[in-house]
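The following blocks contain the structures, represented as structure tokens.
In the two complexes below, subunit A is the common chain; its partner is subunit B in one and subunit C in the other.
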Partner chain A sequence: MSGVLYIFYVLPYIAIAIFIAGVIYRIVNWANSAVPLKIPTTAGQQPCFRFIRRTWIDKIDSPSNKFWAFVRMIFEVFLFRSLFRNTKYYVEKAGKNADTRWLWVFAILFHYSLLVIVIRHLRFFTNPTPKFVSLIEYLDGLVGVAIVPPLLMTGVLALVGLAFLWGRRIFLAKERCISLPSDHLILFFMAVILVSGLLLRYVVKADLSYVKMFALSIITFHPPSPEVLANLHWLFLIHFTFVCITIAYLPFSKVMHFAGVWFSPTRNMPNDNRMRRHVNPWDPNPEVPILARVGITVDGHVFKCKKLDWDTYYEMYKDQLDEIAENNYVLKPEEL
Partner chain B sequence: MGVEVPKIDFKKIDGSSPGYYAICAIWLIICLIGVYAYYLQWIHGEQLTGLNNQVPWGFGIAAVCYFIGASAGSLIVSALSGVFEKEEFKIFSRSAAFFAAAMIVAAMGAIFTDIGNPANSINFLIHFNPTSIFSWNAFLYSSYFAVCFVYLLAQFEEKKFLVRCIAVFAVGWAVLVHSGTGGIIGFVYSNDFYHSSLTPPLFIISAIASGLGLLIPTYILTFKWTKREYDLDLLWTLTKIMGAMVILLIYCFAVEGFEKGYMPASHEAFLRMITSPETPVVYVYWIGQIGLMLLALAIMLSPFRKREWAMIAAGLIVAVAVFCERYTLVVPGLSYPYEVFAGYEVVKPFHIVPYYPSWTEWAIVFGLLAGVYLAYCIGIKIFALLPEKAVKIEKGEVKK
Partner chain C sequence: MYHKPYVILGIVAFLILLAMPYWVTAGNIKYEDIHKELAQPKGVNCIKGVKWMSSYHMELLNEWREAAVRDGIRKYPTDNGVFNVSLTECWKCHDYENYCKKCHEFMEVRPVCWDCHYNPSMEMPTVNYLNK
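So, the complex of A and B:
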């Protein structure tokens, strides 16, 4: 009675079905969301007078049109540019911002190692293995040829990256405070997958021919023979089950940032607030500005104007402005 | 209804004091001793244990029953708010569910260490036997862990309706899992010491008792040491539930004892078990199981019963007594002769084989228990498991 083992054959299909449905749901949901305000965050000089210098880095950090916004997006997605500028505020260090670019280092390390690991796994799902997969594996193992099988750098680097990314959430008080259980959950899944994978390669050494037969049977939709299933190593089954669970969990987790980053309004909008009018999609009558239609209510009085000019503004806050003028425009902070 | 239920603030503990690290270090050291003991057992085999051909189930299996019981008990405490709408117990719901998940992992750890090579545990899938309760339990335990896990996640996400649904399901599942474990032993009809339909319900009752026995001291000490406000009345309610379970247990022991002592197939062996000190079971039975339960009951009925130390002592005593109960459930059935085929004579000579657990078995079981508590100590630091205040909030009073 080894028919029960066929649950491992069905598992990836269920997981991938959940994954695809979940990702489509999330993406459609995000794509349908209104963006009522123009909120690009910028860190560079925006287009201004001709004589104010604007380098290409300014163009990336403060894009003035859709092309440069796209370039910024590419930098964000492939180089984690906003994480690179990450700093941390310390009250005890007299409010100085500390450099936390190590976070960027480990994040880059982890993500790219994971990419290489995923590409390397293609050798199980393709027959014959494509050249570039073998080449990547060869290059990956160049440093670690001292042992058999060659120590693949990306596996080790991904583990180091993961250890830092998780350790950061456990040992740093501020990060621990804001970490949610779901953050730990996905890191836990990743840790189980990585550690079981490394154990399978270097310590336990499962019979890979059966693993490959199993993987090919999944890809080609041909159920494997009971013999293949019975010879799968138990550690491989743990590795495989956790991969399936993780795939099914991805759409509901923060790992959806791989799709969400493209929808983040602070990143994907060009900084052209002064050049182009951004129309609020919730506005029922965008032709007439909301200021002229509804106006601003201050102390029960409604002030309407086409554009907020000085006279209207003075009328709105007459008392306060006069008081400031009486004090010779010296402002004192309110005492709490 | 219609009264707004006050929101409870769950907050991570600071966990930066020397005391916190000292406690973690103690649990870690016990845990490491257990790992070392398991390493020795891995190298030299199960000859290091006190197990033998006739008694292959010993301390480890008793610990499995115990941990699963404590897990089910914790889960029932956790579900008090979700299932029975006891809103005042919502403060315990997260940490008790966390305990339940940690305990079931410890139970599976006890199985893995007991079967020698943990890789053999995959055999239940490769050679699946649908008529074996062991095969079913493998699914029950793993699914039970998954249920605990999802239940905990739903609580963290504050999905009220979902929590309620899963809580009802989880309690049902806990009862099923625990009855399944009781069934392993109770359904062995060829062994008269084991065979009893009272075993599954007895398992549930002692599960609640042992779960509460471990949780009450843990909560009191945690709230005390993290300097959080707590209401002793809430814990006294839990202690009362535990007391009721202890009374039920003593009643069940009496029924079970008279039945075993009366049945012709087992009365001779049973009388020897409870009277002559050929094996340590007689002490475990009278001092551990019956004596400690009566002592705990005496404390819970004494005038000091509402003091902190009395609750802590009663909880710990019940926790130990339930372990003794598991021990007398598992071991004597194998230690004492039984009729394998009723009515036939068996060539294999059966005689009384005493079983003394060796230090490796003690170390592994204590290592697993320490692992649970280490997970709890780290868990309350990383996750928002504990409430900021464990006090009864009057209905209608909205906390700011």
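So, the complex of A and C:
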């Protein structure tokens, strides 16, 4: 029996390995995709005549160089500024715009609560525990005023945030339409982790000494004794297993927005269309101005037709079209 | 790969963030079998079962606090005998320094008890009027 329990010791290593490899794979994959067009979205005054006033908010919203684009990125990542502008989602009957910034409120509550929760969990993974971890926990529990053990605010706030973010996908018709099973899956994982964690702290209490010894054994690569594994609480094992499953699932999920946000072209490009020329990386000869060209070049072939007719189209995508035709689909030009 | 230096910087930042437990402690994480280092309690039976006590002792103390302060109940009968409702009852068997405090420090648990109460490692003695 005790041998089987070593699954729980191996599980986090497998999960972390999948997580690191998956994240790096996806980052490299995104970095290999070209951005053919310059498409920054702006909400501020771009540099113009000197007499047109331009505040620092304009500089963030319409960055004209790499530095301000970086500042905008930082504001985006830490304050979710584009979500804060989420005010025109619902157009009501009278043509009035509804303010849906509550989404920003609950998103920021949820994300920062999760951050504090992760930092608080360092108390299991460090020995001796650094001072700032205990300080954060002390402040999080409102300096121990409420109950014993102190009710940690971030745990409650994360649960409230999660309830709204999931409730939004369940009860609002439009969001329900565009929600994929994977959206619900990751929220389900988060719900199981949060609820089991809160239960472990306030209701069904585990012997934490074994939990910490287990956590230390993972972080120091020191296999735990069978005694430690045998004494782990069943609810802790549920909590822990779901954390591992979630970590392994992250690279395949939408949670990859933590890396993807840095790659969003509408956010990370400076708005310098008129100062610097953006060269399409796919363009084989960028020196020739587009309007002066005879046709378009695809895969080394020049197609000298400005208005695309069927023959040219067939020439361009011969391989794919033939493959489609092989599967008994009838291909014919559109009747005009 | 486009913008290679930025991408590599991002991946490195991601890996550094992931290794947080190591750098916040400057690589100083010690595996400790805390159960071997705790002083063995003197008595035979604890107030309730050992397993229950190790997880729920704080709930018992909460219950005791309300019983003693609000209702004046000073005796607590369990299957293992009748116990005085007092922290000193714990210290009859458990060493404060090498048992309670050591494990709490290992777990980084800071009970707020000592904001009001004294404990054996403090200079002022615990007022134990039950022993009179």
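Observations, loosely collected:
What we mean here is this: the second predicted complex is superposed on the first by the 287 of 336 C-alpha atoms of A that agree within 3 Å, B and C clash if a C-alpha of one lies under 4 Å from a C-alpha of the other, contacts with A are read in each partner's own complex, and residues count from 1 in each chain.
Rule of thumb we're sticking to: a contact is a pair of C-beta atoms (placed from the backbone, for glycine too) under 8 Å apart; a residue touches a chain by one contact, two chains touch by 3 or more.
Computed from a prediction, not measured in an experiment: that's the story for all the values here.
Look at A:V160: by the touch rule set out above, it reaches neither subunit B nor subunit C. With both structures placed on the common chain, the touch criterion links A:R123 to subunit C but leaves subunit B unconnected. In the superposed pair of complexes, A:L237 makes contact with subunit B only, with no contact to subunit C. Residue contacts after overlaying the shared chain place A:V261 against neither subunit B nor subunit C. Ranked by how many residues of subunit A each touches, subunit B and subunit C are led by C. Of the two partner chains placed around the shared chain by superposition, subunit B is the only one that A:S179 touches, whereas subunit C remains out of contact. Within the superposed three-chain model, A:S134 lies in touch with subunit C and out of touch with subunit B [touch as defined at top].
Legend: residue contacts after superposition of the two complexes on their common chain; A:L5 is shown touching subunit B, with no touch to subunit C. Listing the residues of subunit A that touch subunit B in their complex gives 1-5, 169-170, 173, 176-177, 179-182, 184-185, 230, 234, 237. Contact residues of subunit B toward subunit A in the complex are 12, 16, 119, 121-122, 125-130, 152-153, 156, 381-383. In the complex of the two chains, the subunit A residues touching subunit C come out as 16, 20, 23-24, 27-28, 31-35, 122-123, 125-130, 132-134, 137-138, 144, 148-150, 205-209, 212-213, 216-217, 219-220, 222, 225, 227, 233, 259, 262, 281.
Subunit C contributes residues 1-4, 7, 10-11, 14-15, 18, 20-22, 24-25, 28-35, 51, 54-56, 58-59, 61-62, 103, 105-112 to its touches with subunit A in the complex.
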